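Naming follows writing order (A, B, C, D, E and F), and every chain is counted from residue 1.
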Amino acid sequence: MVYLTRRTTFSAAHRLWSNHLNEAENYAVYDKCANPNGHGHNYVLEVTVRGAPDPRTGMVMNLTDMKKITNERVIDWVDHKHLNYDVSWLEGVIPTAEMLAIAFWERLEPGFQGLLYEVKLHETENNMAAYRGERQSLEGE
Amino acid sequence: MVYLTRRTTFSAAHRLWSNHLNEAENYAVYDKCANPNGHGHNYVLEVTVRGAPDPRTGMVMNLTDMKKITNERVIDWVDHKHLNYDVSWLEGVIPTAEMLAIAFWERLEPGFQGLLYEVKLHETENNMAAYRGERQSLEGE
Amino acid sequence: MVYLTRRTTFSAAHRLWSNHLNEAENYAVYDKCANPNGHGHNYVLEVTVRGAPDPRTGMVMNLTDMKKITNERVIDWVDHKHLNYDVSWLEGVIPTAEMLAIAFWERLEPGFQGLLYEVKLHETENNMAAYRGERQSLEGE
Amino acid sequence: MVYLTRRTTFSAAHRLWSNHLNEAENYAVYDKCANPNGHGHNYVLEVTVRGAPDPRTGMVMNLTDMKKITNERVIDWVDHKHLNYDVSWLEGVIPTAEMLAIAFWERLEPGFQGLLYEVKLHETENNMAAYRGERQSLEGE
Amino acid sequence: MVYLTRRTTFSAAHRLWSNHLNEAENYAVYDKCANPNGHGHNYVLEVTVRGAPDPRTGMVMNLTDMKKITNERVIDWVDHKHLNYDVSWLEGVIPTAEMLAIAFWERLEPGFQGLLYEVKLHETENNMAAYRGERQSLEGE
Amino acid sequence: MVYLTRRTTFSAAHRLWSNHLNEAENYAVYDKCANPNGHGHNYVLEVTVRGAPDPRTGMVMNLTDMKKITNERVIDWVDHKHLNYDVSWLEGVIPTAEMLAIAFWERLEPGFQGLLYEVKLHETENNMAAYRGERQSLEGE
């Protein structure tokens, strides 16, 4: 079992705001992240697969395929976009690093044939969230 | 003469769009950076002063003062903001890294009593603009 | 279950020296790290919590709270300090990265209401220790 | 139980090519990595041990010993070398990051007296493989 | 006058060897860099242009054009190649960071219409060469 | 003319305190950097030489020589030391980044035969001083 990680970057805007909270609560929880016109980040996405290398190729998975799947399922949708308005499959998702990591996992998992181990999302050089599929859905039943 | 640099980060959204260009030209020039809802970056700002250290303190300038001036004149205005809509002194400025570096210089220069040497602005880990005051105004009269 | 990490830096001096060893042994074990006047590092502390995001906020924990707790319980005590002399709760602790990671965990754990998952401490760009609470006390019973 | 990591870098050339594949397959799988004269990387190797710190020294393991073992068993063999031709114990190993991580584990493990926890190998700033000994041999018997 | 920099990475093998030196001299000068089968690096290339931003676009130069020119004139030739054997325009050039920086400048300069200011080449995280066209040819007349 | 840079790191303690100031002034100027027992940093030193590459070797200067000179004249004296007490040639120097950059230049310059161009000293990831010999002595009156 080897863990293979590929790192990609993308740039996006977002605004933290919850429909479950009133305006005062939103500003109390999200502070400057609730700025109406949004702000943005250079996100760093690390996708990790886990498996045994194929003895014929020495690869757990071809990095070219990891790139293709990650781009088609996530990066092409979010890069140079506003995460609150431009991404259909993020509708209703509060775009914290935590929720984005879960949402990206759910987009990526079906493409990786059981090999996906972890999705890590760096929002800044100081904040990061990671998800390993240990919870199934976004809206905690 | 010693060069002293202080690095700060801020997160902001922007959209590249020029009123001097029509829509087709805007998309041709700015491509995905012209996305109507904007996108964003973790900007890294490096401010450099140049001078002789004061023999009584060993400092060209107190880093605490550099921080205070940089925050009051730039960071507090742009951090967690949308650069096209939220910053009065950026009105009419196309927010490329180049134009932001010039605009930040013009904001910072009066605060640094002749010591300001360079303003560097990293937009991503791959793109950076630097300005040393070698041109006086934004609109090249 | 999402893992949320916040990175902080602090600068401190330390000297590696053990009261369980004689002088020759100390220099044999710690070499230049035993320099009597000490040396120092820009430490990087990564604190990770693990939990389910609150569906009302999209957060495992508010990063503002993580910052406040980390600062109050660790950073404010160790930043710009000599770890051998200036920190009451490090008395008797040999300030290796390993022991500091454990000591920081013990300081932080009561503040995080069961969410603390890992404390990582980078001493230099090449050395790092991590602790997940898998051992209860500093002085191996 | 504390995890202690030491980071080392080395520079090496390699070519990805499999004797289990014909020429067309090799180029399909490895693309530009199959360039006959090879290419190269600044590899970053992170070796992690896990254990309880010795209460007399505060160390899981002396970093000096970690350095010596890592250099003697891996770095001195691979640094400034061509991994396909110059390293006897890599003969027959397709030098992907995955296979190198396994091969390095197998070289390092006997030197670390049961403490070795993980070998991570960064091939570029975007690609990384990690191995924790969860599989015994290279050829999956 | 604004300085605009774009960073690109590429991976290549090289061997340091001079036809002006005999074998003993080559090993004395280049030591392990003279390994016959070569070694390699993840090079980081920083290309800087200098000019006044166009007031219609806010750009010194479109980063898309900088990317295209840099790729066509340098990166596509050297990425995943052996610099001693695979690049026609490096024939006879000893591939030190210094000589590569000069050679890359000479390749890039005609494409940048007088705007090229500097070519920086990082060979490792510790070694870097920069050239600003202050000398015309490779073979010092 | 090519600029060749070599990066080295060292770890040291220091205390900012000036004999030209009284106690209240010292704390006003240096704040927490005046902590009596000192604090410390992982310093990053970048030494840059400038010259024409020797056509026989392709080198401005052999990096091995740059390393040897830098270690013998600076690093071996300051690494794992307290800069206020352990370094004879820093006696009387207030160890700010600015003064250290000047002091290191003066130590290094005689070893580099006219090639030394710049000494850069990073104190933290956010603070940096650079000196190019544009002022002759520390007290230059």
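The rule is simple: a contact is a pair of C-beta atoms (placed from the backbone, for glycine too) under 8 Å apart; a residue touches a chain by one contact, two chains touch by 3 or more.
Since this is a predicted model, take the numbers as computed values, not measurements.
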Topological distance between chain B and chain E, in contact steps: 1
Where chain C and chain D overlap in contact partners, by chain label: A
Interface numbering overlap (same over half, different under half) for chain E and chain F: different
Chain A-chain D separation of Cα centroids, rounded to whole Å: 29
Interface hub residues of chain A, defined as touching at least two other chains: 125
Topology of the chain contact graph, where touching chains are joined (line, ring, star, complete, other): other
Chain-chain contacts as defined at top: A-B, A-C, A-D, B-E, B-F, C-D, C-F, D-E, E-F
Partner chain E, residues of chain B touching it in the complex: 16, 18, 20-21, 29, 31, 93-99, 101-102, 125-132, 134-135, 138-140
Footprint of chain F on chain B - complex, ascending: 1-8, 52-53, 55-60, 62-64
Residue ranges of chain D touching chain E (in the complex, touch as defined): 9, 11-14, 32-33, 35, 37-42, 79-82, 84-86, 124-125
